[in-house]
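Each in C-alpha cells, the structures are laid out below.
Look for chain A in each of the two complexes below; its partner is chain B in the first and chain C in the second.
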Partner chain A sequence: MQIPVEGFMYPNEVELQWSVLIVLYPFITGLVAGAFILASLERVFRVEAVKPTYRLALLTALAFMLVAPLPLQLHLGHPERSLEMYLTPHRSSAMAMFGFVYLWYLMAVLLLEIWLDYRHDIVVLSQTERGWKRLVYRVLTLGSSNVSERALRIDERLGYFITLIGIPSAFLLHGYVGFIFGSVKANPWWSSPLMPIVFIFSAMVSGISAVMLLYMFSTRLRRREIDMRCVDTIARYLLYTFIIDFSLEMLDLIHRIYEADESFRSLDFMVHTRLWMSQVIVQILLGTVAPIALLGLTQFLRFSDLARKGIYVLAGCLTMIGIFAMRWNVVIGGQLFSKSFLGYTTYKMSFATREGLLTAIALMILPFVILWVLVKLLPPWPESASLPGSGAAPAHGAS
Partner chain B sequence: MFKDIEHLIRLAVVIAIALVAFVILRAAVVPHSFGQYGHYRGAAIGEIASRPVAFAGHDTCEACHTDVVDQKKLGKHVVVACEACHGALAKHADDPGSVQPGKLDTAVVCARCHEANSAKPKGFPQVATADHAGGLACDTCHQPHRPKIETEGKK
Partner chain C sequence: MEITRRRLLVLLPAAAVAWKYVLAGTPEASPNYQLTEHWWSMLIDIPKCIGCGSCVRACAEENDVPQGYYRTWIERYHVSDWRIERPEVESPDGGKNGFPPHADDGGKNFFVPKLCNHCADSPCTQVCPVGATFITPDGVVLVDKTYCLGCRYCIQACPYGCRFLNPRTNTAEKCSLCYHRITKGLTTACCEVCPTGARQLADLKNPKDPIHEFLRTHAVQVLKPHMATGAKVFYNGMDGSVR
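Moving on to the complex of A and B:
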C-alpha cells in the first residue's frame, strides 16, 4: 500500500507506528479516571446531589478499566508477555511501570472501593438470589455475612480512606498517560510538561460527561424520572472542569505560538492543513467551544427541564467527540510530520485488521457490554439500595 | 470488634494468598540468570554464542569464486559483501557440492537498496523500479556484480 507523502520524510516516519488503538488507549483510560473523580465528588467532597450517579460512576470506571490495556496488547501482540512487567519489573521504563500503576488502581482502589460499597447488597443478594448468581454473590462475600451497623460503619470509613487515596491514584493513572507523550523529547508536538496536566483535566471532562450521559440514558431506559438536581450539578462541574481544561490547552497553544521554536512553522502548517478538520473544527470548535457555550447558557438563562436535558445530552455528546478528537490529534498528529520539519505523511486506517477500524469499534463497544453485566450483577440504581430484608442504608449513605 | 472486621481479615487473607502465589510463580518462571548482567537472561549470551555460524564471510567466498571477485573489482559493488545479497551461506561453504544457493530474484534484491527514496543521499544510485524497469528483473540489463552499463563507444 503506497502511503501519500509530501516533502521530505525519513524512511522510518512514512508509516505511522501508533495506530487508532493507541488513540483509544488514552481515551478509555481518561474515562476511567474521570468517572472515578466524579464518584469521589460525592464520597470525599460530600456533593450530595450527584449521589444517584455514585455507584454507576464506579462501575463505569471498572468496565472501562478492564478494557484499557486491550488496545495496547492488540497493538503490541503477544498479550501473554504483558505479565512479564510484573515478573521482571523494568524500573527505568515509564511504559513498563504502567503495569504497576494499572494494577494499583484496579486492585487497591477500584475493586476494593466497589466491594466495600456493595458489601451490604452482596450479602443480602447472596441470601435472596438462587442458582449460579447465589454462588457468585457467596464468593463475593468471602464467607462473611456480617452487615451489622458497626461493620458497615467501618466499611464506610475504610471506603472514604480508599477514595482519598484513589483521587491522587486517578491523577497518577491518567497523568502517567500524559507523561508518556510529554516525555518524548524527540517529538515537539508531544514534548511538553503541561501534557500530563492537560490529560488529567481532559480525562475528568470526558469521564464526567460519560457518566452524565450514561445516567441519563439508563434512567430513561428504566422509565424512571431523571433527577434534575443531580444532572444540573454534574453539568456545572463539567463546565468548571471544561473551562480549566480549555484554559490549559489554550495556554499550551499560546505558549507554543509565542515561543515559536524551530518546529513551529512545520506544526503550524500541519494544523492549518492535515489537522484543520480534526483539531480546529472538531476538537476546538465543536468539541470544546460549543459544549462550553451550551453549558454556560444553562448557568445564565432559565430553561425548562426538557430543554436542559436536551442541552446536556448535546453538550455531553459533543464533549465525547471533542475529547476523542483531542486524543486523535495528539497521537496521530504527532506522527504526521517529519523530524526534519520538511515533510508530512498520511495515516491510512485499515478496516478488518488487528489494528483496524473494526477492532477499534469492538473495543469501544466492549466496556458497555462489561458495564451491562456489572449493572446486572451489582445494580447501581438508588432504589435497589433498599433490597428485601435490608434494614440499613447502603454503606456509602451511612455518613 | 473482631466480628465486625472479620470480612476485612478475610480480604487480607485473600490478598496475602495472592501475593504468596505471585512470589511462588515469580520464583518458578523467572530464569535464574535473569539480571546477571542487565535486564535480560544472562545465560542467553552463552546460548547465542553456541549457535552454529550462518555466514561464511566474504573471504571464504572469494577463495573459490575468483571470477566474481575480478568482476566486482571493476564496479562499485566491490564494497558489497557477497552474503549481503546472496544471504547466509556457511552451509554452502562447508559443503559446496551438495548445498547450492538458490537463484536470486533481482527485481526484489536490488530494490532493497536502490528503490528511490527522498531520504537517501542524492549521489546514491536509485530508481523508482516500477517506472524504470516496468516489472522486468534488473539482471535483464545489468550485471549485478558490475552493475554499470557501459556502451561500446565509451568503453
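Moving on to the complex of A and C:
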C-alpha cells in the first residue's frame, strides 16, 4: 500500500508505528484516573453532593482499567513476550514501569477499595442469593463474613486510607502515560515537561465527564429521578478542571509559538493542514471551548432542571469527543511529520485488522459490557441516594 | 559407572539444559576478539560520496533487509544559494539504485549516507522496556530479536529515523555495524563496497587507526549534536542544511 508523502521523510519514517490502538490507551487510562478522582471527591474531600456517583465511579474505573492493557497487548509485535516486562524490566525505560504502576493501581487501590466498600453488601448477598450467584458472592467475600459494627468501622477507615493513597496513584498512572510521550526528546511534538500534567488534567476532565454521563443515562434507564444537586456539583468541578486543563494546553501552545524553535515551522504547517480538523475544529473549538462555554453559562444564568440536564449531556459528549481528539492529535499527530522537519506522511487506518478501526470500536465497547456485568453483580445505587431532596437544589422537571 | 534410578533423575535435567545449547549451536568462533579493546564508529566523507547506492544494496543483501526498509540509506541534498534552512532532499528507494540527474539551477548538490549512529548515550536503548536493544562493550547498538516485544518505543525514540519494524520478524531492526563481520576482523558490507572510500569503519580505541589523524586535521561533525546522544558516526564536510 502506497502511503502518500509530502516533502521528505526519512525512508523508515513513512509508515506510522503507533496506531489508533495507542490512541485508545491514554484515552482509557485517562478515564480510569478521572473516574477515581471523582470518587475521591466524596470519600476524601467530603463533597457529599456527589455521593450518588461514588460507587458508579469506582466500577467505571475498574471496567476501563481491565481493558486498558488490551490495546497495548494487541499492538505488540510479540504479545507472547509481554510478561518479560514484569520478569526482566529495563529500569531506565518509562514503558517498563507501566506493568508495575498498572498492577499497583489495579490490585492495591481499585480492587481493594471496591471490595472494602462492598464487603457488607457482598456478605449479605452471599446469604440471601440463591444458586450460582450465591457461590459468586461467597467467593467474593474472600472468607471474611464478619460484618460487625467494629469490622465495618475498620473497613471504612481502611477504605479512606486507600483512597488517600489512590489519589496520588491515579495521578501517577496517568502522569506516567504523559511521561511516556513527554520524555521522547527526538519528537518535538511530544517532548514537553508539561505533558504529564496536561495528561492528568485532561484525564480528570474525561473521567468526570464520563461518570456524569453514565450517572445520568443509568438513572434515566432505571426510571429514577436525577439528583440535580449531584450533577450540578459534578458539572461545576468539570468546569474548574477543564479551565485548568485548557490553560495548560494554551500555555504549551503559546510557549511553542513564541519560542518558535527549529521544529515550529513544520509543526505549524501540520496543524494548519493535516491536523486542522482534528485539532483546531474538533479538539479546541468543539471539544474544549464549546463545553467550557456551555458549562460556564450554567454558572452565570439560571436554567430549568431540564435545560441544565440537556446542557450537561451536550457538554459531556463534546468533552469526550474533545479528549479523544486530544489523544489522537498527540499520538497520531506526533508521527505525521518527519524528524528532519522537511515532510509529512499520512495515517491510513485499516478496518478489520488487528490494529484496525473494528478492533478499536470493539475495545471501546468492551468496558461498557464489563461495567454492565459489574453493575449487575455489585449494584452501585443505594436507592436512597438516587432520590432527590437530600440537598439544596430541588429537583423538578422530568428526568 | 552404573546408572541408578536416582542418578538418572539427577542427570536428566542437566542433559535437558545441555541439549538446549546443542540445538542453539555454538557461536561463530572469533578467538582473538576482545570486546573491551574496541570502540567502533564510522567516518563518512561527504565530498567523496557519489550516491551510487552500492552501500545500500550491499547492506540489504548482507543483512537480508526487507524491501522498503533501510538499515542504511543515502539522501541527496539540493541547496539553492542561501536557503540553507529549506534544502530539497530526496532518497528514492533509500538511494539503492542511485539518483536521477538533478536540473542545474545554480545550487549545490551533495549526497549524505545515513545509518545508525551507534550512540554512546542512545535514547533507543534507554526506552526499551525489556533491554532487548543494548550497547555492546565495544560500542555497537544491537537488537536481540529473540527478546524484542515489538512495542516500537525505540523507533519513536531514535532522532535519526534509523529503526524500523521488520515485518517478517515483527521486531525492531537497525544497522548492526555488521557485527558478525567486524568481530572477525572484516569491515562492514557498506564500507567494503564503497567505490570511493566515503565510508570508513573506525575503531576509536585503536591508537593506530587512521581516524585519529583524520579527526585531528578535519572539521568533523555528528548529526543533530543538540540531541546529546553521543553519536559515533562522524561526518566530514557536512553542510549546515543536513538534518
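Assume the second predicted complex is superposed on the first by the 379 of 399 C-alpha atoms of A that agree within 3 Å, B and C clash if a C-alpha of one lies under 4 Å from a C-alpha of the other, contacts with A are read in each partner's own complex, and residues count from 1 in each chain.
What we mean here is this: a residue touches a chain if its C-beta (ideal position, glycine included) is under 8 Å from a C-beta of that chain, and two chains touch if they have at least 3 such contacts.
Keep in mind the model is a prediction, meaning the values are calculated, not measured.
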item	value
Combined model on chain A: chain C and chain B, fit or clash	clash
Partner chain in contact with A:Tyr312 - chain B first, chain C second, else both or neither	neither
Chain B versus chain C, judged by how many residues of chain A each one touches	C
Partner chain(s) touched by A:Ala151 [first = chain B, second = chain C, both, neither]	first
First (chain B), second (chain C), both or neither touched by A:Leu142	first
Which superposed partner A:Tyr237 touches (first chain B, second chain C, both, neither)	neither
First (chain B), second (chain C), both or neither touched by A:Lys185	second
Partner chain(s) touched by A:Arg119 [first = chain B, second = chain C, both, neither]	first
Partner chain(s) touched by A:Phe8 [first = chain B, second = chain C, both, neither]	both
Chain B versus chain C as contact partner of A:Tyr54, first or second or both or neither	neither
Which of chain B and chain C A:Lys339 touches, first, second, both or neither	second
Where chain C runs into chain B (options 23-31, 113-121, 149-157 or 167-175)	23-31
Chain A residues contacted in one complex by chain B, in the other by chain C	8-11, 88, 90
Chain A residues within the chain C interface of the complex	8-13, 15, 17-18, 72, 75-78, 81-82, 84-85, 88-90, 92-96, 98, 180, 184-187, 335, 338-342
Touch list for chain B against partner chain A, complex	3-8, 10-11, 14, 22, 25-26, 29-30, 34-35, 39, 117-119
Chain A residues within the chain B interface of the complex	8-11, 86-88, 90, 115, 119, 141-144, 146, 148, 150-151, 154, 158, 343
Of all residues in chain C, those that touch chain A in their complex	69-70, 73, 75, 87-91, 93-94, 114, 123, 126-131, 147-153, 155-165, 169-171, 227, 243
